[in-house]
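Chain lettering (A, B and C) follows the sequence in which the chains are written, and residue indices restart at 1 in each chain.
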Amino acid sequence: MLLRRQLSLAIRRPIEIGNPLVFFAIVVAMFPLGIGPASEQLAMIAPGAIWIIALLSSLLTSDSVFRSDFDDGSLEQLLLAPQPLYLSVLAYLCAHWIVTGLLLALVSPVFALMLNLPAAAVGTLVVSLALGTAVLSLVGGIGAALTVGLKRGGMLISLLILPLYIPVLIFGTAAVQAAVSGSPAGPFLALLGAMLSLAIALGPLATAAGLRISIDA
Amino acid sequence: MFSRIGAAQKGLYNHAVMWSFFHKLGSPPWLYDIAGSILRWLLPVTIMALLVGAVWGLLFTSPDFRQGNSYRIIYIHVPSAVVALAGYYVMAIAGAVSLIWRMKMADVAMKAAAPIGAALTFIALFTGALWGKPTWGTWWEWDARITSMLILLFLYLGVVALYEAFDNKEAAGRACAILSLVGMVNIPIIYKSVDWWYSLHQPASIKFSGESAIDSSMLYPLLLMIGAFYALFTCCLLMNMRAELVQRESRTAWVRKLVKQDGAH
Amino acid sequence: MTDSAVGELLAEVTDLGLVRGGRVLFESLSFAIRAGELWQLGGGNGAGKTSLLRILAGLSRYGFDGWVSRAEVPLYVGHQAAVKGLLSARENLSWHVSGGCVFPDEQIEQALQRVGLCGFEDTPSHALSAGQQRRVNLARLFLSDTRLWLLDEPFTAIDADGVSELQDRIAAHVAHGGAVVVTSHQPLHVDHAVHHLSLDGARIP
């Protein structure tokens, strides 16, 4: 039910969904402008570049997951709700993932082609992004929860959360690179899946605790 | 005046009355005193150990056959790196204790540990760069351990920044406790992934001389220095905690008494 | 009038004390809220009414002395309306974050009717006035089956008719075995015994 609420909130303001995608597109366009249009060069940096942009757009949006609810008092009600906070938080972050990470993963083939990523690796890119951004949403939720009570949380959240994103970045790019070079990407996707399970198990707990602190402060 | 403030303060600690040990640990004046008496002997011991270790390591060990004298920086580099990592765990465990048992003093310890750990991490990185220049011919190398230390520095800075961002210091303590616990869970994952990432991209030219190859004549002073750095960390932690305690409890009777005593001396 | 019969214990506060910014707001505060009781918290601005209510609700869990126990999760209405501008009044209620259970449509319509929002059910809430948004939130009082209500300034931005309707609702709830704690500067005009708790007395000048 909460998931449906969050999703319809997102859909009623489509610009919020569109923004990360446009951001993604703009930064992708920056790479050739900064590095040069040589296609081999672009193909070489493509996996890393796409993953770093995904990281940033997930980071930029995660700040807003709880903010509007904090501002209008809904968050207080959520904490008092009879259902376990763990599940509510999971629903919020799941909604966040669907409108940012999953959507990004689904449109990423377009950007992959723009950066001249070999077509063979596109499938792996989509799967790795879908798995990885879910971890990013869950980890980002912790930072969002801890900083939601602060007036200027935006910069702080990147300082808190970006170091924790590193394993996802490493294995996400590794998966794509493996696919580019023709070796099996399965192990890396499995590692991303393992991280996702860990993040599902522990992330919402930390997020819930963070929300209680932010409400209390 | 005394009784008013006493009444305001007492409740923070009185739920631990039954456990006298916990009660003592939760009592700022007691902790202040005990930290003082530990410091009284630990501080000289630390300074002695640092001096002996430094002199032994820098003057009385033979130069490395490949790196010459420049390797001697490990007597600062390795201990600070080891203790910096351990310091994060100290911070996170203190955070967990303050979250679970609501023990204020653990909160103080956590807050005190963060800047020390960040400083040690920075020293490790800095000495590493100094060492890298003559050895590898470069200040900075994206080596697995260096990268991990850099990430550790970011994690420490995150905790410090989060603490400073909160106006309500009690909430700040709890938020940092959660963040450091999250960091603690993540550190092994980050280390492993960075390790693995490095092995994938390993440049052929640079290789660490493994620690197993270290000669025992170099090892003993190194161990002494590691011990001394642990002691140094503890000293800094206790001193920071004392300062923090006095600041937090500045309104209470025992701190006022303390200030008066100091003024009388 | 249902009075004096001792109702079930819904919440209990023992030896509660709160210090904010070095100022003692209240200390050694002990009371029990039982079913069938109506409490009004009084005190000037900054006396700690909202803080006490948040402690009672379980939103504040640190930073105070003493113990609070609750029989169940209370219904808490705070200063903020907790109404999402992008959702209609109906959706705000049926998808309310503290819902847990889904209310049937007729019930929601009835509740909205009671707070005078008939005809606004499907208007996006950002088109409603501040008072109307508060009414959307207060409509929860007509839906809830929670026994303990904690209402922080529920009459703010509500017109006279709305206030009397609300007071009737509060009285009815108390008469049916609920308990209500209200912070309000205006006296309650209800046909029920009101326990007054003033926080001004507990304050240290």
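Here are a few things to note about the model shown:
Keep this in mind: a residue touches a chain if its C-beta (ideal position, glycine included) is under 8 Å from a C-beta of that chain, and two chains touch if they have at least 3 such contacts.
Note that the structure is a prediction, hence the values are computed from the model and not measured.
Contacts between chains leave no pair untouched here, as each chain touches all the others. The interface with the greater count of contacting C-beta pairs, when A-C is set against B-C, is A-C.
If each chain is reduced to the average of its C-alpha atoms, the one that sits nearest the average of all protein C-alpha atoms is A. Of all the chains, the one whose CA centre sits at the greatest distance from that of subunit A is C. As a whole-number value, the distance joining the C-alpha centres of subunit A and subunit B reads 32 Å. With each centre defined as the average position of its C-alpha atoms, the distance from subunit A to subunit C rounds to 38 Å. In whole angstrom, the spacing between the mean C-alpha positions of subunit B and subunit C is 47.
Each of residues 62-63 in subunit C touches at least two other chains.
Under the contact definition stated at the top, the residues of subunit A that touch 2 or more other chains are 216. In subunit B, the positions touching at least two other chains are 168, 171, 174.
Those residues of subunit B whose C-beta lies close enough to touch subunit A in the complex are 99, 151, 154-155, 157-158, 161-162, 165-168, 171, 174-175, 178-179, 181-183, 185-186, 189-190, 192-194, 196-197, 200.
Listing the residues of subunit A that touch subunit B in their complex gives 142, 146-147, 149-150, 152-153, 156, 159-160, 162-164, 166-167, 170-171, 174, 195, 198, 202, 206, 209-210, 213-214, 216-217.
Note for the complex: subunit C touches subunit B at residues 15, 17, 19, 22, 24, 27-28, 62-66, 204. The touching residues of subunit A, when paired with subunit C in their complex, are 1-2, 4-5, 8-9, 12-13, 68-69, 71-83, 88, 212, 215-216.
Listing the residues of subunit C that touch subunit A in their complex gives 57-63, 73-76, 78-84, 86-87, 91, 95-100, 102.
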